[in-house]
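Okay, handing you the structure first.
Read from first to last, the chains carry the letters A, B, C, D and E; within each, the first residue is number 1.
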Amino acid sequence: MEEGVTATQVVFWILAVVMLISAIGVVTAGNIVYAALFFIASLAGVAGIYLILTVEFIALVQLLIYGSAVVILILFALMLTRARERPQALFGRSRPLGIAAALGLLAALIGGIVATTWTTPESSTAFEPVGLQAIGDAIFTLWIVPFIIVGVLLSIALDGAIMLASPDEDDN
Amino acid sequence: MPPLEHILVVNAVLFAIGAMGVLTRRNAVLILLSVELMLNAVSLNMVAFAVYGHVDFGNITGIVFAFFIIVIAAAEVALALGIVVRTFRNRATANVDEVNLLKW
Amino acid sequence: MVQQTFEGEVLTEPVVVEREFETVDMNINIGPQHPATHGVFRMVLTVDGEIVKDAVPYIGYMHRGGEKLSENLDYRGALGYQDRTDYLAAFNSEWVYVNAVERLAGIEVPERAEYVRLILAEFNRILSHFMFMGAFGTDVGYFGTAFTWTFKERERIQDLFEAVCGDRIMYNYFRVGGLAWEPHETFVEDSHWVLDQVEVGITDVDELMTNNEVFVARCRDIGAMTADEAIAFGVTGPMLRASGVPFDLRVDEPYSIYDRFHWEIPVGERGDVYDRYLVRLEEMRQSVTILRQALDQMPTSGPIEPERMPARLRPEPGEIYMRQENPRGEYGIYMVSDGTDKPWRVKMRSPCFHNLSSLRPQVLNTYLADAVVALGSIDIVLCEVDR
Amino acid sequence: MVLSEFAGVSMPDWIDALLRIIFIVALMTIMAFALIYLERKILARFQARVGPTRTGPIGTLQSIADALKLIAKEDVRPITADRWAFELAPYMAFVPVFLVFVPMPFTETWFIRDLNLGLLFVFGVLGLNIVGVVMAAWGSDNKYALLGGVRAAAQAISYEIPMLLIIVAVVMVAAGRLAVDGDASAAGSINAIVGDQTTTPYILLQPLGFFIFIIGMLAELHRPPFDMPIAESEVVGGYFVEYSGMRWGMFFLAEYTALFLLVVLASSLFLGGWNWPFGADVGLGLQIVLTFVKTSVLIVLVIGSRALFPRLRIDQLMSFSWKVLLPFSIIQVIANGIILAYGGPDWVVGLVSFGLLVALSGLVYYIMRRKQGEGTRTVQTTPATPRVITAPEVTPVEAGGD
Amino acid sequence: MTSRRTPVASEEPPGNEPPPGSIAETYREVMPLVDFDAAMTKGDDVALTIPLESIHEVLERGRDDARLQMNLLRNQTAVDWEDRGLEIVYHLYSIPLRQAVTIKSWLPAEGAVVESVADLYPMADWAERECREMFGIEFIGHPDPRNLLLDEDIDIHPLRKSHPLAPIEMEQGVDVEFFTKQYPPPEPAEEEDAADETAAAAAPERKRVEDMTEEEREQRRAEQAERVARARELAAVRRAERLAGAPPAGGPRPEGAAPPPPPAAAPAAAPAAAEVAPSSAPVQDDRPPAPPPPELPTIPDAEEDPEGRAAAQAERVRIGRELAAARRAQLRGD
């Protein structure tokens, strides 16, 4: 796939631009629901880049978990807290400062990236697409302890979320 | 595939955008979304390094870490939303700078 | 509880804002145009998520001043209006009215006319209950199956009515003193045939709904009222009987010739929506029993109106509160005569009006879907509520 | 591949893929129209009606007439609706459903692409269409729509979890059978799973899975008894209450497409897809017929549930998912793991699953019975003896009588 | 009581005392101090007319007493007897004892005030709301005295006899002059258009009641009141005309616009009818007519003056009670 390289790159840049514009939308939208919807677009862009990097599994997990569950939860909270009702001040007082800090961070990161000499082989390196079996093996053998910890963490987090969000018995 | 530098630059921009959101927004839900953006940038970076064979301990590891990050992000979102809803109930606001009970 | 409008909707009652605190309660306006309101009924529900925190019913969209109209018409002229109140049980409503006028004017009704009236009224009760089954099924969530099944049977009864009096809904067939004209020759045979069909139909509905797990889950313990509560709210008819009170005017204050038949009064235990459904279902069967006996006993010939009828009815001054058991409960006509040819006062005591007033306590702190089911179980006819 | 084989010519991959996509999209549209007609006819028969009869022979063109009407209808947007959310929502609900057809096998060779992660793809992408629903609910600026959208979202999340877990259980079984040299990657592909069912449909191995899948499918599709999001008598159509014209039609199309999709998936995962039940290889034509027959049976099941079930309440729906289906699907996964880890034979897997199904049914039955009380009919009847009216006895006045 | 199916006409004329052993005696025994005026209705029910101030007490004790147990308030309404006042009617029934009774009471025509029984029977909540809007009877202590069937803001009482019934009267050709102003009669097309235009020019854009200022509301109320007053005059004339064709119980017919006697519940042959003035003839037995209603304090708006409102309401109750007591004494004196 010699000529595929440029095609993939074009697709990559399209996706990247979509993702970044959506991300800017997330942080600048004047409406929380819009921000959430931009977030979905951004996630889809990230998933697309995962696909370009030939890790379909991560892309699909990203869609499955973020794309549906997370976004639904966010929209839930939005609806129940009636954020649409009154226009809220969505930005804090330190906005210019924040923008400046973020730009500084960006400059530092890009500077670092450019300054580093990546000793990688060229982009057409022989990367073996990772199979499902390999990921499964890795998770359940090498990384089994973190996996269990993540599971426990997940259950604790969900329990905590339920306890936090459920109304008090002695509310009245 | 695109060169690694391109991907890293894109990720850096994404990360910076997320950081900007965290720093400028005052609504807790929006801050949460911005943090998610940053997490996305990080996990994308991990996958990129893994795919380009830049990690010492095998290229599967980055992918597994991305997987873990996504899972933990889900847990984090659930927990954070619980906190937001609770805060909203108690304080009638979803703005972080108005929640100052623990300031002192 | 803080009542806050959700979308800037103007509430008629004052909105009390206790604190500068926005809750997540929202007001949902169900009606006047809503599939579940069986007409033009409106209730403003204050819901917290799916839980109903408050319910304010609004009626009167169909108010046409029926009482006023009846007071300004001749005793006989107002008869046609009675069909328009409870249009699902028009014969029953007509019957109350003509009975009131007859009692007020002291007119004796021939026996055969009494039988025909009773038969038609009992058929109308079955018809009305079929309508309830269909509409209630739709409220609970059958996608039209209950509706079409029951309408199939309802059509048969309406065909019979059409053969008798030429109309399918607004009959205007009873007259003060008797009937407008003789029923057609094959009335009794036709009625028996319709009864055969209807019995099958009742069994069909029974098998479709009664034991359906989802139906039971939706109806059990919803909108339950104790007997005392129901009586205090003036609830009558199947709703009261579902609460365990065997109060049926056909028995407790017998009118017409109901004392000639043997049948049974179904009585519920818990007073919930499911019991109301069961009571109505059983009442249909009992009506079939009454009808069979009445059709057998009915004299084959005889007059259908008194020999002598005054050309203009001018009852002696006096008053009467005539009440009968309609499919929805006690339908009463309070009629006052002043000696002229028009009634001085006509008050229609419509059962749904009072049954509906018991809706609010039934739906508080239930789910939104339960509110719809409880409303459906009242079997309201808005024309009758608003008159 | 199949087209090139048929035509006897070789063509580039992308032309092949394009042809397949066109073919599948055309098939889908026709299927959706056919399903709408079929539903109306079957439902009519359930309801003692005859259904559409006037457009075309026995009403077969009814769906087309409906579509024409929808296209010709005015597209109304409420003035207070959020413009972008309102107008984009139908596409957001519609596109994921069509995307999901990529890994769907209709015969052994008829599919767009045989994805290695086909099952994950199906659920990952299908889950996105709830975003469209929520957008519509929020964008319509209508309380009924909002309630319907919240219900739909809650329902989708609740039923996705047991469904996914049961898919995991199925994949475990498939992995045990398909593993080659310890590599069971193929078990993620729907084609491989169907191909494994030449002799044993998985409904025999995972009857509980089939049951939960069908329940979850009904819930995902907002079909009775799980149709609260679009409940006519409660939320007046739910999230698409403000839509009209073709935008409404897209929701409708998405719904029926999703119905066909999930039915095909169910028949592939549990009924053996294109396979002849206990037989050997059959030709392509018969494979189409088999797929069609199996999906039709399931579709009639779904439509029948619409005719014969009322609607559950939202809390009952949630309880059913979280308190009944989720524990049972977790137990199923664990049981499969234990049995397969110790190399248990297939019949043990099937037996255990069947036992779980019986337990679930018994539990539901017990709960319902307890709810319903002793016996069905609690109505007592009292003989209606007309009373003899007598004057009440007058008792002497008691002391303190005013 | 006798058998239900007995024809009513052959019985004694209505208005007679109920037979011994009937529920009227039970009521009298339970509440000896209350003046029960018993009669039989044509439906063979016992109708008890009681003083206005005893309504709440009678209903409460009737509900709680073991011998009465009137637990079902099946109907509640009122009758407008024009200048004789209003009659409020409660139909009660005892489900355990299977006995029915009708409780009635007289009210002044204007400014009628009754104690609400909604605390005894929740059923009376809606019934009293309906009564209030239809007859203008004020129920003291009602939890939610809003309009029920009519428009929220409407301030007329349609079931009063003085309220016109427009279309029928037009059909009958009565007071066309009045109604042509409200409802333009069908005319040829051009003229209709012209009339519409003038009407549109005359009447400014109709405003919703919610949008009106207080002044406009006041004006609207005044217009309504004026309409009602004019209609009331016309209704009196019409009623006189109508009665001219009726078979009266005896006595001369009223002439002109003088309000005729309401002959309700009158015995078929009133002995004194011929001699006495027509107004006294058919009143129940030989009762004098009700005195004219006294001046009642106006009730201020709740938002402006809550204490004043409560005081005015209490004052109205007091006046109503005094009135009823006076009338009772007057009746007793006869």
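Operating definition for what follows: a residue touches a chain if its C-beta (ideal position, glycine included) is under 8 Å from a C-beta of that chain, and two chains touch if they have at least 3 such contacts.
The shown structure was predicted, so the numbers you read here are calculated from the model rather than taken from an experiment.
Engineer: State which chain is most central when centres are taken as means of Cα atoms.
Structural biologist: C
Engineer: Highest contact-pair count belongs to which two chains?
Structural biologist: A-B
Engineer: Round to the nearest whole Å and give the separation of the Cα centres of chain A and chain E.
Structural biologist: Centre separation, chain A to chain E: 74 Å.
Engineer: In whole angstrom, what separates the CA-based centres of chain A and chain D?
Structural biologist: 30
Engineer: Using Cα averages as centroids, what's the distance between chain B and chain C in whole Å?
Structural biologist: Spacing between the chain centres: roughly 62 Å.
Engineer: Which positions in chain A touch two or more other chains at once?
Structural biologist: In chain A, residues 57, 61, 69, 76, 78, 80-81 touch at least two other chains, as defined above.
Engineer: Give the residues of chain D that touch two or more other chains, as numbers and ranges in rising order.
Structural biologist: If we look for residues of chain D contacting two or more partner chains, we find 387.
Engineer: Quick check: what residues of chain B touch more than one other chain, meaning two or more?
Structural biologist: Answer for chain B, listing residues that touch two or more other chains: there are none.
Engineer: Taking the complex as given, what residues does chain A use to touch chain D?
Structural biologist: 33-34, 37, 40, 56-57, 60-61, 63-64, 67-69, 71-72, 75-76, 78-79, 84, 131-133
Engineer: Once bound in the complex, which stretches of chain B touch chain A?
Structural biologist: Residue list for chain B touching chain A: 1-10, 12-27, 29-30, 32-34, 36-37, 40, 43-44, 47-48, 51-54, 59-61, 63-64, 66-68, 70-79, 81-86, 88-89, 94-95, 97.
Engineer: Going by the contact rule at the top, pick out the chain C residues touching chain E in the complex.
Structural biologist: Those in contact with chain E are residues 10, 12, 59-60, 63, 65, 67-69, 72-73, 100, 103-106, 108, 228, 231-234, 236, 245, 247, 252-255, 314, 316-323, 330, 332, 334, 336-342, 344-345, 347, 349, 353-354, 357-358, 386-387.
Engineer: With touch defined as at the start, can you tell me which chain C residues reach chain D in the complex?
Structural biologist: 6-7, 26-29, 34-36, 50, 137-145, 147-149, 152, 208-218, 220-221, 246, 248, 250-252, 254, 258-259, 262-270, 275, 278-279, 282, 286, 367-370, 372, 376
Engineer: Could you please specify the touching residues of chain D with respect to chain C in the complex?
Structural biologist: For chain D paired with chain C, touching residues are 43, 46-49, 141, 143-144, 147, 224-225, 227-228, 231-234, 236, 306-316, 364, 368, 371-373, 376-387.
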